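Data first, discussion second: the structure below is written as structure tokens.
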Amino acid sequence: MTRYSYLGPAGTFAQAALNRLMQAEDVGIPYANVTAALNAVRSGEVESALVPIENSVEGVVARTLDELAIGDPLVITAETTLPVTFVLMAKEFVALDSITRVSSHPHAEAQCRHFIAAQLPHAEVILTSSTAQAASEVAQSDSLQDAAIAAAVAAENYGLKILASEIGDNDDAVTRFVVVSKPGKLPDPTGHDRTSLAVFIGADHAGALLEILTELAVRGVNLTFIQSRPTGRELGHYHFVMDAEGHVVDARVGDALSALKRICEDVRFLGSYPRADRLPPTNHQTTSDANFLTSSHWVEELRNGLAT
Amino acid sequence: MTRYSYLGPAGTFAQAALNRLMQAEDVGIPYANVTAALNAVRSGEVESALVPIENSVEGVVARTLDELAIGDPLVITAETTLPVTFVLMAKEFVALDSITRVSSHPHAEAQCRHFIAAQLPHAEVILTSSTAQAASEVAQSDSLQDAAIAAAVAAENYGLKILASEIGDNDDAVTRFVVVSKPGKLPDPTGHDRTSLAVFIGADHAGALLEILTELAVRGVNLTFIQSRPTGRELGHYHFVMDAEGHVVDARVGDALSALKRICEDVRFLGSYPRADRLPPTNHQTTSDANFLTSSHWVEELRNGLAT
Amino acid sequence: MTRYSYLGPAGTFAQAALNRLMQAEDVGIPYANVTAALNAVRSGEVESALVPIENSVEGVVARTLDELAIGDPLVITAETTLPVTFVLMAKEFVALDSITRVSSHPHAEAQCRHFIAAQLPHAEVILTSSTAQAASEVAQSDSLQDAAIAAAVAAENYGLKILASEIGDNDDAVTRFVVVSKPGKLPDPTGHDRTSLAVFIGADHAGALLEILTELAVRGVNLTFIQSRPTGRELGHYHFVMDAEGHVVDARVGDALSALKRICEDVRFLGSYPRADRLPPTNHQTTSDANFLTSSHWVEELRNGLAT
Amino acid sequence: MTRYSYLGPAGTFAQAALNRLMQAEDVGIPYANVTAALNAVRSGEVESALVPIENSVEGVVARTLDELAIGDPLVITAETTLPVTFVLMAKEFVALDSITRVSSHPHAEAQCRHFIAAQLPHAEVILTSSTAQAASEVAQSDSLQDAAIAAAVAAENYGLKILASEIGDNDDAVTRFVVVSKPGKLPDPTGHDRTSLAVFIGADHAGALLEILTELAVRGVNLTFIQSRPTGRELGHYHFVMDAEGHVVDARVGDALSALKRICEDVRFLGSYPRADRLPPTNHQTTSDANFLTSSHWVEELRNGLAT
């Protein structure tokens, strides 16, 4: 049995994502925010946490990046992406034009604006602190709201009826969630892995990012994500959070990390784990494990006077 | 008179930031979200918009970046940074231990956790969709909440008393806001400018980011910010939003932009404007305007057979 | 009429190369060495000099490179390559096995070793200071030598008979000669040009060569030749002589030279001229003159607030 | 006892260089040219060869570079530099103004032009195929020449008197000679070593040189020499001969060679050996052996889940 903390409340997309990953015997426990969910791993209350890291519409979840980069060390062991599909829910199956008050979280409201304008033109929109809270309030007997816009899982949690599905403006919106654990045995390489890093550069080191990318590029390691983040509290002092193709056990990835460790003020390994999209790394003729092995062997032979 | 749209509601940090910039005769109009505020500029309802772009704790505001990078063209003409200092406010000056319900936006609650734990240990925390909404509810005669955590400007707007100031865990937290207008005459260079860009690369162009940074680095143009963003709706197709030191009228910046335009699928100029921190660009002996002028002149002479 | 100085004596490959280039009314004057031939241009005795710059077997002609890089400025205006085909010559048509003494320059002897071993196994080889001198001595009435190995032109000059042709071990050996003039109007671009440069770096500037190559590479300018040369008299202080694809009037080449002028201690332009092999430059989609023009124009528009 | 082949004839600078290196019991044997001297090592006639590789005035010795890069494998085990100081020698001590014919090799004549013009203005200059040959002819009883310009060692060999020393125009001219042996145990690292390489790139691989230099630069390995050389017989197909700072047993050098082996068509190791000038490599904080060891160890720990 694995206990998972997750970004609550229950009934949000995080719970839906966790449901995809959990085994029957596993347990999911909602926490009020990302930090609390991750601290539950650090303290041993749970084995793993599931937290959002990036949404295709709203962008990265800075709290998650900062906790991983700066907080007590944790590593990502898995990822999953979840389509962000909103549904309209109410206590009973009612006609849409009877709805006078609809509640939701501001992000969800922003992403369902076309549906609201077309189908609920006369409804007042009430903003709440989460989509689950919107659903929860609708479910109350004395609710002032007629309907809520939330994740489908909230309808299930609160016993609501789904009046309309996939009502978001952007059907392709997705959120990437990561499973985070204490450092330990890594997931085995699968051939379609991702390695996450936080790379810290010394102050006033102009050109540092170019050096970092050069070390990756000469070894054929591509990035799939990069973001500069202020390291301290003030704007102006930065580190970079990066996702690279490949697994640290791949020769080219390990070699590149070794180089970053040499040249950067600090490098923190944030995990090697299978990509949700199962895309293999960009292929390079010269950067296979076999190429690295052969060329290292040649240098050993040179050093022993056995080759030229 | 300049009319400004801003990210509302009134009483948030955006209004406080705008108050710093507006002249006496200017007018600020709150809009429900970043897109609406920017559309007000596009449609001509207002001349400029003030929207947040990055918070040192919560990260970038993806909506702002995406609107600038992908929406109908707008350019940044100014920036300002505002310390994110939270205050506790109520209808009357009451003792802190008499407060049983305090409301705030989830981000603000997360950033004042130490104060709440130490000073309001028995208060129930109610989450709202904005700090201004929390203040607004407290101000109502029949409010269920005793106090709100919000920006100081909200106390002013709603006639509330400030019970405690600077109650955030992180006194140095700041938000960077930008003023956005339709393309037109650029702000004059000041010697401490920033140029913002959105750079689009062709699909499957491995190594593209290295090429981009190389073009900047060979001309001595440093970055102060970089983030990859998914271009379409799905994760996997990226562009980069970047802030570079200097103004497009600087020879080195203009030359670098010209190179990016040549090698990238597309480049969108998002404005050259004075930095709020007034920091000058990193100095390079070889990349002054005079250096560029002298060397261009030499090539002209070569072409005319007048030099070697 | 153009007067040409050339590396003498008469009857060497330099004269043969010059014969290819001269018009009927032109005059060629042999000089004792490369410096003397080039000084004849500097002093105005002749309009142009023809000197060897590189041999596929013997390597570069350092004197030529150094005179161009460090001597009073001259520029290359043309190049020609000449197959280095050796012939065996004598006063009369005699049988090869009757030859007991054969003379030649050491380089020629080295390049005809297989022929000598197979066809003249019993002949004594006498070394001379030039192949022309070998032919000249054979032509004398009291010559001690029976035959000479030299360029075909020497047989013509000295009235000798050719006993065997193309006797070199390496039929593909070629020498590249350049025509050098005082700086002035450049040869028109042809679409298959070469630009020669001498690039001087500051002392102790580690990484300078990488910077230089990067400036060329980002503009799609390929090198066809590079050599480090000691700048002063002692080993240890270097400059680089380079041949790049393209003509200085090409936007990418001019832009690259301008960048080198900015970042290097000094750059000397050694000429843009048609390649003897008529190979066009490596094609790059992003580095055509039109690409440079379009992107420069875009930056101008940005600066005037007319584009994004 | 070590037998050395060297570039003859006896009495040239090569013999003088060899005299510096040989122990009392060693033997030096002159060979007619560089190829012959190196073949004597290949065939086992001698253990080592001493051949010139670069002259500060005349440039590189292409034959030596090509033999090492393309001929049957040999490695450099030592180098020495010899000042190229010319002396004027004759059978007897005679007044300079009595000399009517002076002989020398064309290179030596070119390097002593000022002395000849000032001190022997009326002497006829006779060119020979080596400076030793000039001395040898002067030493003959029936010599037509009064004096020779050659290396001091030639006066000793042929019993001539030195009339004037250091008569070269350029007192600082030096030649670098290398000792070449069959591959085998490497010289121990000394802290001031040089590693020589021949690097072959695939045809039409634009940008290959930049890639090569980048692999060296990211590991802090500086070059002290580089030259492109035509690989085949025709101009147009190139490889690069390079001298890098450091010894292949240095982590940074070995790592860089391993990378070149991966990315290049071929790499040939031409030896690691002490520099004659005893200059240490350029210092880099991040490229010591200890830095490489520490960072490799960190990656090992990452792979075992023991670090972040």
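Going by the order they are written in, the chains are A, B, C and D; count residues from 1 in each one.
As a convention for this text, a contact is a pair of C-beta atoms (placed from the backbone, for glycine too) under 8 Å apart; a residue touches a chain by one contact, two chains touch by 3 or more.
Computed from a prediction, not measured in an experiment: that's the story for all the values here.
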Copy pair chain A, chain B: interface residue numbering same or different (half cut): same
Cα-centroid distance, chain A relative to chain D, in whole angstrom: 59
Approximate Å spacing (C-alpha centroids) for the pair chain A, chain B: 23
Multi-partner residues of chain D (at least 2 other chains): 214
Chain contact graph, described as a line, ring, star, complete graph or other shape: ring
All pairs of touching chains, each written as two labels joined by a dash: A-B, A-D, B-C, C-D
Footprint of chain C on chain B - complex, ascending: 73, 75, 183-186, 211, 214-215, 218, 248-249, 254-255, 257-259, 261-263, 268-270, 286-287, 291-292, 294-296, 298-299, 302-303, 305-308
Chain B-facing residues of chain A, complex: 33, 35, 54-63, 65-66, 81, 105-106, 110, 127-130, 133, 170-174, 176, 204, 206-207, 209-210, 213-214, 217, 222-230, 232-236, 238, 240, 277, 279, 282
